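Heads up: the structure comes next, in structure tokens.
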Amino acid sequence: MTMTPAVKAILDNYESDNPGVKANLARILMQGRLGGTGKLIILPVDQGFEHGPARSFAVNPDAYDPHYHYRLALDAGMSAYAAPLGMIEAGADSFAGQLPTILKVNSANSWATARDQAVTAGVDDALRLGCAAIGFTVYPGSEHFFELAEEIRELSAQAKSVGIATVIWSYPRGGELSKDGELALDVGAYAAHMAALLGAHIIKVKLPSDHIEQKDAKKAYEGTDWAKQSDRVRHVVQSCFNGRRIVVFSGGAAKGADAVYQDARDIRDGGGNGSIIGRNTFQRPRAEALAMLDKLVRIYKNEE
Amino acid sequence: MTMTPAVKAILDNYESDNPGVKANLARILMQGRLGGTGKLIILPVDQGFEHGPARSFAVNPDAYDPHYHYRLALDAGMSAYAAPLGMIEAGADSFAGQLPTILKVNSANSWATARDQAVTAGVDDALRLGCAAIGFTVYPGSEHFFELAEEIRELSAQAKSVGIATVIWSYPRGGELSKDGELALDVGAYAAHMAALLGAHIIKVKLPSDHIEQKDAKKAYEGTDWAKQSDRVRHVVQSCFNGRRIVVFSGGAAKGADAVYQDARDIRDGGGNGSIIGRNTFQRPRAEALAMLDKLVRIYKNEE
Amino acid sequence: MTMTPAVKAILDNYESDNPGVKANLARILMQGRLGGTGKLIILPVDQGFEHGPARSFAVNPDAYDPHYHYRLALDAGMSAYAAPLGMIEAGADSFAGQLPTILKVNSANSWATARDQAVTAGVDDALRLGCAAIGFTVYPGSEHFFELAEEIRELSAQAKSVGIATVIWSYPRGGELSKDGELALDVGAYAAHMAALLGAHIIKVKLPSDHIEQKDAKKAYEGTDWAKQSDRVRHVVQSCFNGRRIVVFSGGAAKGADAVYQDARDIRDGGGNGSIIGRNTFQRPRAEALAMLDKLVRIYKNEE
Amino acid sequence: MTMTPAVKAILDNYESDNPGVKANLARILMQGRLGGTGKLIILPVDQGFEHGPARSFAVNPDAYDPHYHYRLALDAGMSAYAAPLGMIEAGADSFAGQLPTILKVNSANSWATARDQAVTAGVDDALRLGCAAIGFTVYPGSEHFFELAEEIRELSAQAKSVGIATVIWSYPRGGELSKDGELALDVGAYAAHMAALLGAHIIKVKLPSDHIEQKDAKKAYEGTDWAKQSDRVRHVVQSCFNGRRIVVFSGGAAKGADAVYQDARDIRDGGGNGSIIGRNTFQRPRAEALAMLDKLVRIYKNEE
Amino acid sequence: MTMTPAVKAILDNYESDNPGVKANLARILMQGRLGGTGKLIILPVDQGFEHGPARSFAVNPDAYDPHYHYRLALDAGMSAYAAPLGMIEAGADSFAGQLPTILKVNSANSWATARDQAVTAGVDDALRLGCAAIGFTVYPGSEHFFELAEEIRELSAQAKSVGIATVIWSYPRGGELSKDGELALDVGAYAAHMAALLGAHIIKVKLPSDHIEQKDAKKAYEGTDWAKQSDRVRHVVQSCFNGRRIVVFSGGAAKGADAVYQDARDIRDGGGNGSIIGRNTFQRPRAEALAMLDKLVRIYKNEE
């Protein structure tokens, strides 16, 4: 497929990366129904680790099968599919070359009490499974953040050297952050910026609220009206090297379809690159999920 | 031996594995009296580490000799024999090529207070001893789970690269789990799913009770009757990638023969792949053990 | 460019270093408007990690773009530009060969409670990004100082072996030091000396106050009048192997321009090698910043 | 020297070991006055680490010289000499090829409060010093046991790969064990069994008392009379793979000669392979020590 | 220079060492005015790390310059110069081949609260800087002793393999030792013995008092009069493999010249190999220091 100017413009921002990494970013940006637009939607399925199988899949039992998600991502024209080791392995051959995969290389679970994650896969796994990228979660604010930063620093350096891209999930959590603070605008922008500084190619954050958490940061946010979600998205994008890095936003817990669509419009209008949307799709019946994803695609294509 | 369609169908699910790993899984699935059926019974002897020699073997003193267990597994037509380093070394040459062995590479003991295990063997040992697989215990729920996950991630990646299969013993324990919770259905299914996500080829769990431990998971289990053990087995199998991974269930402490047989029938009827049964065999006189194993084989062959 | 005697004299002090390291030190010392004078001004932009993006850049939004800083350093005739991984990557190709870069390889952030930093980049990154040096912060006095010392010992040994120079930020902090003590003359001189002992090529410290913190050190400072800042600078320079190592001083928080100029004059008069100045430049409008840097250059050239 | 059937029978039990390891075990079993009998006496001198030089050697000052111990072991016709790095180095050339040495690769000391040891030598040292084996202490029951087990697992794997044998000192200590429990029969048998499971070629334990420590183990020991020391020795040997591993017993603190002789007779009568005896020899004058060792040799040869 | 019999006799005791290590020991033993006598004086300058620059050098400001110490050691005819990384680097070329250097590879500082040191240089540094030996401090008695022992075990093994000698500073400290106990005779002898067991070529300890600290050791010291310092030195030498290892004693804090001379006479008369003397020299004016060192040399040559 010939590269579009929109994708070329994005790739040009990754000026230190070798052709291997750029090719894998291009694979994601040229994939599916948003291919070539510079927008992307990623299907992530790591809830099995995070919440357990029944809480994740019992509502739609077909989703117990790893092939279900590969197929859903493919049929809906998604940009990539992200999952932990076992889930990727279970369909790696059946779907080889059909859609880019992101190997989630660290994971937590419902029983963990530390704000930390275990490294559960590596760059060698990503290579042997044909993945386009590794995915890694950091918890800015946590007392384990330094360890997490050092882990992704090593994994990302290794990945870059073999042409694999890095996606960082940056979720403020723990430490002295209040519960509201985890979603605060200043906190989310800071978390996104740290992911950029750590060398991420794609940054995944949550949609921030208009709360400002840090006393020291209040002055910097005063005098601007942060009521509109699209403005908050724009600030996060600005915090990612003024738009030089791809930023996608997560949809959070399953919620009403209209809210999902409004989020996407705000992401689009604020200059975000797209959505990473899991439970809101695979916890719905397949037909409903496909319809929702179709509408999201059209929103990002400015057709809705 | 020509591969049977039943075994071929199982192996096809391991679509990311190299021929070396598949050959070792095939060695286990084609071995002994259940060879070719897709069912398996594994003899594990790690009680020497866990409980000490006298508690394990005094009731049947022949069992102090490592050769006893190799011979028992062979004569009973078992699928594989699993044991720690020293036990495997002590018979590795005498029984070389006669039955697949699984090297248990981590171990705990009666005196340990942490919910953790020590790594006591490695993939290099498995190679030099001609083992078909490594075996590793994780304790989901324990404060040491992340470390255990990172250890098996490294060992398993190394094993896969040299054609050795991975068996994960997944035993929920510690943390905030109640004693009943360690055997709860939701907990057991979650533990089995985590083993699958960690990249296990064979998953070993305990037969779950009908208790539901996690408040957040209750909703997912409501409205279904979990009184039948075979239904609980089926849910665990479903949680292992909807049957794409081999799942075997352990028999627990020595108990009456009838209970052992009923467990096997429930495993079979629920779609489980088989049993891993230690104390219930080697703590009985050899003749009794052989009779019991004969009956278990016949149950799995649908002859009882 | 032909090397000047002033630079040659400095380089001769690095008598254990290979030609690669010396060439990179020379790149810095021969760069920009102070090139050849033996003086230097470095632009550091690591406030995104330390304080977050809005506190750092909202006052001058152009500074959200990493290219802004490369361009500012270049246009102002600075000696080098120092920043964390992502910031360097984002302009590494556009500005390749135009000015020396210092890769800041460890970082803290506003939410960290430990007096420690995470290693966020490595020597391999410095090589692939064409950096002249790595930068590393140690916290003398902190309970994490030994770990930090061991980290820079490994990174610096690796850097020296591939011809990359080492810059150490030495900031006394934590432990039993009082708040005033962190800026005390005896403490600052000790911190600078430790950086020299650790093998730094360039040492960055804060301008010390005339407070003496350590009871055991009071005797050594008695009988000298430490009221003049230039005398205190001279003592720090003396503590860095009697001037055999390059020492630069940081300007601290944004403050009035006159104070910045006075600091530079004191550094110059005390025999310091120059300034490392961040917030005082990029938090001003570009024109103001250029004017300020122009004046600083002229101070170091003895033109003001 | 032609191998005797007794030694050949022992070596045949090490069926997973390469010829290098077997040759080193043979060197020990064919050495000195017990050479060829299948029995052995080892002289260990690690009291300098454990108790300090004066407590160890002041009573017999010649013993401050490392050569004294090499010479004593040689002149008394011992099977091997075991000591820490410095002690072995100090005579490695003078006595090269004259008697097998065992390099003690971990050590504790009187001032340590943790039930742990430091690794103080490695397999590379054993190779360059021409040692036949490495020696390593584990403390079953200690909260550091898992670390110790992981250390010997790595050292032993490395040693086996280069043809060096492994001797494990297995001393129950710490945790919830009572003081009496450290010498209990069940505890000693369990500790010996764990050493065997960890892959030891030679297992060193203390002579156990008739105390049974573990509540869960009492049943397994009931109904047998454990009053005779030789029966307790036999149970320990049984716990080491039913006699498939060499087991030697330590003499403990210096005591009366008659007690030493009785211990040896009990070891012999219970099927143990021999003694490891330090303070009872080198803390006596050389002539007395030689006489005692002569008598011990004769006991093991069934001449007394 | 032709080797003298005295030096040859010492080198013969290092019977496990390769010619590279022996050559470096010979370089030290053949250097300067004591060259060939078997005695040695080492100039150590690590007070910059331990006490800071002003407390170390303000009394004699020329000593801020690293060349000062190289020059002092050379002009006074010392046997070797020991210092941390930066200090050695700063004169490595100017003084290359003129006197043996000992790279101090770990260091503490006044602000550290743990009885531990940071590794601040490595064997590779020693090689590239042309050093004859590495120097390392252990703190017997400290809760960090095991870590320190494991660090020097690795560094020393690496050093021996490339022909570099090992000097261990053995300073009892921390744990349950009383303040008096740190200098006790039994404690010092034990500390020296542990350094020997760890494989040191040269052992550096403090001159011990006649206090006996350990209750368990009292018996071994009873009945001997320890009032004479030379007798205490002799016991320490005896504890270092009966004189098979080089032992040097430190002079401690700056003190009166007569006390320094008496110490040297006692070291000589007790069979010690020499002094390691820092503050007592570089904190005096150069002329005084040279005079003092001249007198010390003559003492060791039995001329005073």
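Points to keep in mind about this one:
Letters A, B, C, D and E name the chains as they come in the text, with residue numbers starting at 1 for each one.
By definition in this document, a contact is a pair of C-beta atoms (placed from the backbone, for glycine too) under 8 Å apart; a residue touches a chain by one contact, two chains touch by 3 or more.
Keep in mind that what you see is a predicted model, and the values were worked out from it rather than measured.
For the pair chain A and chain E, the distance between C-alpha centroids works out to 58 Å.
With centres set at the average Cα position, the gap from chain C to chain E is 36 Å. Across the assembly, chain A contributes no residue in contact with two or more other chains.
Viewed as a contact network, the protein chains form a single closed ring in which every chain touches exactly two others. Traced around the ring of touching chains, beginning at chain D and stepping first to chain E, the chains run D, E, C, A, B. Contact residues on chain E toward chain D in their complex (touch as defined above): 13-17, 140-141, 143, 145-147, 149-150, 153, 157, 161, 175-177, 186, 189-190, 193-194, 196-200, 214, 216-217, 219-221, 235, 238-239, 241-242, 244-245. Of all residues in chain A, only 48-49, 51-55, 58-59, 61, 64-66, 84-94, 107, 109-114, 116-122, 124-125, 128-129 touch chain B in the complex they form.
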